[in-house]
Amino acid sequence: MSIFELRESNLRGYSRIYPTVFDKAINAKQIDENGKEYLDFFSGAGVLNFGHNNPRMTSAIIDYIQGNGVLHSLDMSTTIKRQFMEKFEEVVLKPRDMPHRMQFVGPTGTNAVEAAMKLARRVTGRQEIVAFHHGFHGMTLGSLAATANSYFRGAAGVPLNHVRHQPFGCITRCHGCHSECGLNTLKQLADQYNDSSSGIDKPAAFLVEVIQAEGGVNIADPAWLSALQDLAREVGALLIIDDIQAGMGRTGSFFSFDDYDVDPDIVCLAKGLGGVGTPIAMNLVKPEHDDHWNPGEHTGTFRGQSLSFVAGGVALDYFTDPALMDQVKRYHDIMMQHLSPMHSLPSVQVRGKGMMIGIDIGDGDKAKEVVKQCFEHGLLLGACGTGGRVIKLIPPLTIEEDNLHEGMGIVVSVLANVLEAV
Amino acid sequence: MSIFELRESNLRGYSRIYPTVFDKAINAKQIDENGKEYLDFFSGAGVLNFGHNNPRMTSAIIDYIQGNGVLHSLDMSTTIKRQFMEKFEEVVLKPRDMPHRMQFVGPTGTNAVEAAMKLARRVTGRQEIVAFHHGFHGMTLGSLAATANSYFRGAAGVPLNHVRHQPFGCITRCHGCHSECGLNTLKQLADQYNDSSSGIDKPAAFLVEVIQAEGGVNIADPAWLSALQDLAREVGALLIIDDIQAGMGRTGSFFSFDDYDVDPDIVCLAKGLGGVGTPIAMNLVKPEHDDHWNPGEHTGTFRGQSLSFVAGGVALDYFTDPALMDQVKRYHDIMMQHLSPMHSLPSVQVRGKGMMIGIDIGDGDKAKEVVKQCFEHGLLLGACGTGGRVIKLIPPLTIEEDNLHEGMGIVVSVLANVLEAV
Amino acid sequence: MSIFELRESNLRGYSRIYPTVFDKAINAKQIDENGKEYLDFFSGAGVLNFGHNNPRMTSAIIDYIQGNGVLHSLDMSTTIKRQFMEKFEEVVLKPRDMPHRMQFVGPTGTNAVEAAMKLARRVTGRQEIVAFHHGFHGMTLGSLAATANSYFRGAAGVPLNHVRHQPFGCITRCHGCHSECGLNTLKQLADQYNDSSSGIDKPAAFLVEVIQAEGGVNIADPAWLSALQDLAREVGALLIIDDIQAGMGRTGSFFSFDDYDVDPDIVCLAKGLGGVGTPIAMNLVKPEHDDHWNPGEHTGTFRGQSLSFVAGGVALDYFTDPALMDQVKRYHDIMMQHLSPMHSLPSVQVRGKGMMIGIDIGDGDKAKEVVKQCFEHGLLLGACGTGGRVIKLIPPLTIEEDNLHEGMGIVVSVLANVLEAV
Amino acid sequence: MSIFELRESNLRGYSRIYPTVFDKAINAKQIDENGKEYLDFFSGAGVLNFGHNNPRMTSAIIDYIQGNGVLHSLDMSTTIKRQFMEKFEEVVLKPRDMPHRMQFVGPTGTNAVEAAMKLARRVTGRQEIVAFHHGFHGMTLGSLAATANSYFRGAAGVPLNHVRHQPFGCITRCHGCHSECGLNTLKQLADQYNDSSSGIDKPAAFLVEVIQAEGGVNIADPAWLSALQDLAREVGALLIIDDIQAGMGRTGSFFSFDDYDVDPDIVCLAKGLGGVGTPIAMNLVKPEHDDHWNPGEHTGTFRGQSLSFVAGGVALDYFTDPALMDQVKRYHDIMMQHLSPMHSLPSVQVRGKGMMIGIDIGDGDKAKEVVKQCFEHGLLLGACGTGGRVIKLIPPLTIEEDNLHEGMGIVVSVLANVLEAV
């Protein structure tokens, strides 16, 4: 028995899905200890937008370390943090006229969400947060209450209170959904808030992903998201967008909501923000809300991760030159073209934006089989959505074009094989 | 105005305490952008046991990166993770006959604590966790309920339920405390559990630090901790030791409880475990409890941090050779000798173990002044304890001896200055 | 100042609405200490279905007391309790083939509801109860969580958890409502329960009034109520009908749901059950659920109220002879005829069943004025619904016909006066 | 099978303990349908302080009913309520200089406690209530959280939050207890409140019985109760005394705390307050706290129970003449004398005040056997305390002296029989 079987927790998951031992990785490839190469359409759960060991980033990191740059600083001021913040302001905030401040938290998405929930509660003096069906926001007790999946919720061991779960647009799986349906649901919610005898309190915030990644690659209807923001404003609640997985270029623009008509009060970022997979998490918070924080009220040891500032700073360069974002759009079309045969299958739905594409095959067991066979054919990908029935394709944005074609070829042939076998 | 003032959240804390911009760091020194050197008796809040930019670690990291080692892997198996796990088993677990499994979680201490709380609740089917006055376990909603400090608790915005806070040994500040007092408190608690009409439910776990670091450098009485474990066994609860700040050699041995007669069911580790300050967190869990986890029930993107495995693996070498741990004991004596004049001051209490020493001056405002003057004299340190009245000294274990003397000299002269000024 | 002003709590309400001191009462009249007579269209908040001091009841009570019958017995067996139970079985349960057991609780509606919630949670092992907008179920912490009105909820002082509030049929005020709308809402709820990633747990019970009395005289659509029961069965939840105000003949039959196609698992009764206004509360519980109770798990001192058994037993006689229930239907028509001019007013909606009729004038301030002027004209009635905008008419079922005409005349003329005045 | 077996809920308790059907009752006797007489040392769980069918009360009730007095009035003003309030002010409040207002609530003790908890939370803006081990305060969700017994708590089905349970004086069973021990516990609690890092919030109120009746006839130490009041004042919390079972003369004075040095902010009354067993509950509330109520925020249908005002008014006459209270003291001595042989038994402890006496035999099964044999010998009494190990003697205060002797004779001989049998 290996050390993993002998000594790693029963909790481990991916090592069962990908039963090999990885050793090296470069851009869209992971190589195991036997030298077998795998195409990576999983990107470390959406972290590695810029590829494994992106050479511009690793070289910057090595330089930084060799210069004895401060590696760990909590929330002290450092030159590398200043450099990151200034670049982020220049590249991301200023062009969008975003007045938001940067709040660094413990370097996990769940910590960003927890901090956002705290602040919304503080600002409004209210307790309830509205989250959405199929939403995923983390595993710690506060964010877990906002996470919809019952498998994760079942591990809490205590009641998960103070969050109300609402439909993400239409209530049902999105065959034949239309804006109207989602808008009606929000109107009903508005009625409930305006009725002092509904038994429902006005919320502190609405916490929403623009694209639900773990939830099954569900894309918010633009009219619905605007109406949600209107409702938030109307009832005095904050709008929090969790852009942890869909942000940082994944959908063809820095934020997943850049082509939506929204102005979120808080944006939660993590995953791809650190460039190469070193941890970082950051909330963008409007000053008028941020002023409600007292110094050090929400802390965390690993808030000041210099390597993430280094590599994350390099990552920001991809947003000053249109090349990569243009490539994302082109690659989107390539992926969709490969998947076009799927459209004729009634039980399959393909949806996605930029380089996050979901293939909903409506059956978790089959999806598991797809993942397994892809692995055997040298392709790493994962399943998401209710019961794990959606195949999620999130290759690095920087993948070589031939690798993209090759990977898509495997996906399509395995899908054909598995779906036919029925 | 700097970018920090313009664009960083009002939440920031340490940048106010240390009003400069740090640039480089090596072992026990941080250097700001003006070239001013500071002795570091703070170690990034107890992370940098092996010094800033420990050269053995940075060189291993650079090698790893240059070899395109996998940087980020969630809980996939990797060669570097195997290497870390095998070394951890060899160096830490086997010599202690610890059957525990390693459970990697989101790379923050709070995530480790949340996972431990979930598991204890799952194993026992109970909800209440007992935590202790002055305990610090994190900022996310589950661990925050176990954190005692009202300043942090006040930011939750919702009630913090399902945790019961009990005295850490004696109820009161430890002048004239004695074992008897703490033992009596546990006997009373046992009575409450055994009385079906006490209104108090049997707990899922006792969650305790052996040395409360943030809580004011309070050291558990050995007899009390043993009795606590007995109580846990008696009522069918788990004993969870949070060794996040006090572990990894800080007290002169790998675990802070190595010289206690305890056998914890779960040990939470983070901070120093990654060697140079890159994030990692891990729980050690007994197999019979670990088996209650279902795969992937508690997840986290950044669970597989290879740089932390690399540097953390190097750190483990310090525990195969007695040199560093011997040095910790010698340095402890040096620090105590410097502080011996304090013993004559009735309002001051010095306590500590290994290289975590607290100087309780009983007054948070004065402690703040001490920190400020030390900073001005080129020494970084922090305050802890109720109202921040305890000066905490936690230099890197690897500090040069003359730096240690120099720093202690500053501490003592500033203390004299501030305390006299009263 | 009177003793009421000097020494009664600021909490008092009705004594402000009816600023006089009542002395005597007989059937539909209350007489104040100055001899002024008031017609009573309020019936002690729906308690006095059979009139004040119903002579058949008072005479039976006097006989019982003169014979030294046990007055107070907790849940000991008594001859008078047996008599009541046997009659209840004969008159109410057997004709409907109801297998339910009688569970006597603390003699208040809220206690009945609390007991029902406990049992549903016990039976299902689930925590969440679904209650409905505008529902009213009591003031103690468990039932208050199910009560919708924010004025009452605001007095709790702690979060009201473990209850989910849903639309009572259609979400909005019932102009132009139709079955379809309410049924869709239930379908959506079913979808949420069937989706393991909705974030919503299956409930222990649905707790519903067939006619929401305090909520504004809202009548459940029969198709909706049947569908609600189907949903309950489908998800393994109990259906609890709170018939505390609408039951005991108020709507023209013993239960308010007698002409609905429902088979509730638990029915909560109180108010009119005791005949003359002495307290009693009782749940009807199906044996297969009732078996989950352990003896004495839910207790209450005043469970065995003999005077309520005496007068309540007399009250049951009204249900063995069709006369009174026929009269209720006839009186309903008389009341509606008086109110027919209201139909031409666009802002007014009249709704009701049997002798519970609500006049929704859409404005709480005007409704308050109506109540005030009616009082001045010698008529007692109350307002209900969101913001108190619905005038509720619930005279004793036994009212003399000329008193009914007289009272309705006052209502209509005051309404005309107040609504015109705008 | 009888109707009780066929149709009464499995929840029923006392009908199993006293397996007969009672028919009539007069003073300290209950007579079953076969004419068998039972001496009543149970008094309807402490309700019937003035005996069954007290003739002064029943005659006043009959007069009132025959005069068509208002029977049910919610919180309208009535002549009979005025009469009761004026007499209560005269007899109870004025002689004690109590400025308290009378707040009538739903006519159960639990409703009084729930209202008190709400008000304390409102007044202080805090959530936590401190209640005590072995305390009993009711079965609805708010008061149940304050009730200590795990059998009752286990029926809640949801977590019981926002109440902290503390030792009632000494932590342990009261052999060899002393004031010091209880006072130390309060000092520790004060330390916890004064330590901002204890993790424990300052409470809204302390909710305490002066004699824990259901909890096992535990009598508060006067020094402890005074210190508790001091602590309440110091931390800005209210002191709520639940005098529901021990009040109304049971201990030889109107309030159980008349000979204590306390000035409670709220006193909860119910049970004996209505004289003959018709329901009523009332809180006494200091005006400065009462002013925090908004009208009608806490309601209840059966708040205005005229028969309870009638009989309760008669009951107040017993407190204008010293005869009955003197008799209580004399009867206490008689009871104690009968029990004096118990003192020699090491496993038995007799404790009590006035006419509430508990015989703690340390074993619930034996206590059950005592109750059973007493019943067979024609004596009704009940067990209380943890596991039901305390025999509680609470005969009507008005019992005939020979009945008292006779009943005590049965108690002592059955006790001897059961205890010897071991």
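Should a chain be cited, it is by its letter among A, B, C and D, assigned in written order, with residues numbered from 1 in that chain.
Please note the rule applied: a contact is a pair of C-beta atoms (placed from the backbone, for glycine too) under 8 Å apart; a residue touches a chain by one contact, two chains touch by 3 or more.
Given the structure is predicted, the values throughout are model-derived calculations rather than measurements.
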Labels of chains that are neighbours to subunit C and to subunit D: A, B
Centroid-based (C-alpha) most distant chain relative to subunit C: B
A-C against A-D, pair bridged by the larger set of C-beta contacts: A-C
Centre-of-Cα separation between subunit D and subunit A, whole angstrom: 58
Inter-chain centre distance, subunit A versus subunit C - centres from mean C-alpha coordinates, in Å: 50
Multi-partner residues of subunit C (each touching 2 or more other chains): 127, 151, 158-159, 161-162
Residue ranges of subunit C in contact with subunit D within the complex: 2-4, 7-16, 18, 20-26, 30, 33, 44-48, 52-53, 58, 61-62, 65-79, 82, 85-86, 89, 93, 101-104, 106-111, 114-115, 117-118, 120-122, 127, 139-143, 145, 151-152, 154-158, 161-162, 204, 270-271, 276-279, 283, 285, 290-302, 305, 307
Residue ranges of subunit B in contact with subunit C within the complex: 158-159
Contacting residues of subunit A [partner subunit C, same complex]: 127, 131-135, 146-151, 153, 159, 161-163, 165, 167, 171-172, 188, 191-192, 195-201, 215-216, 385-387
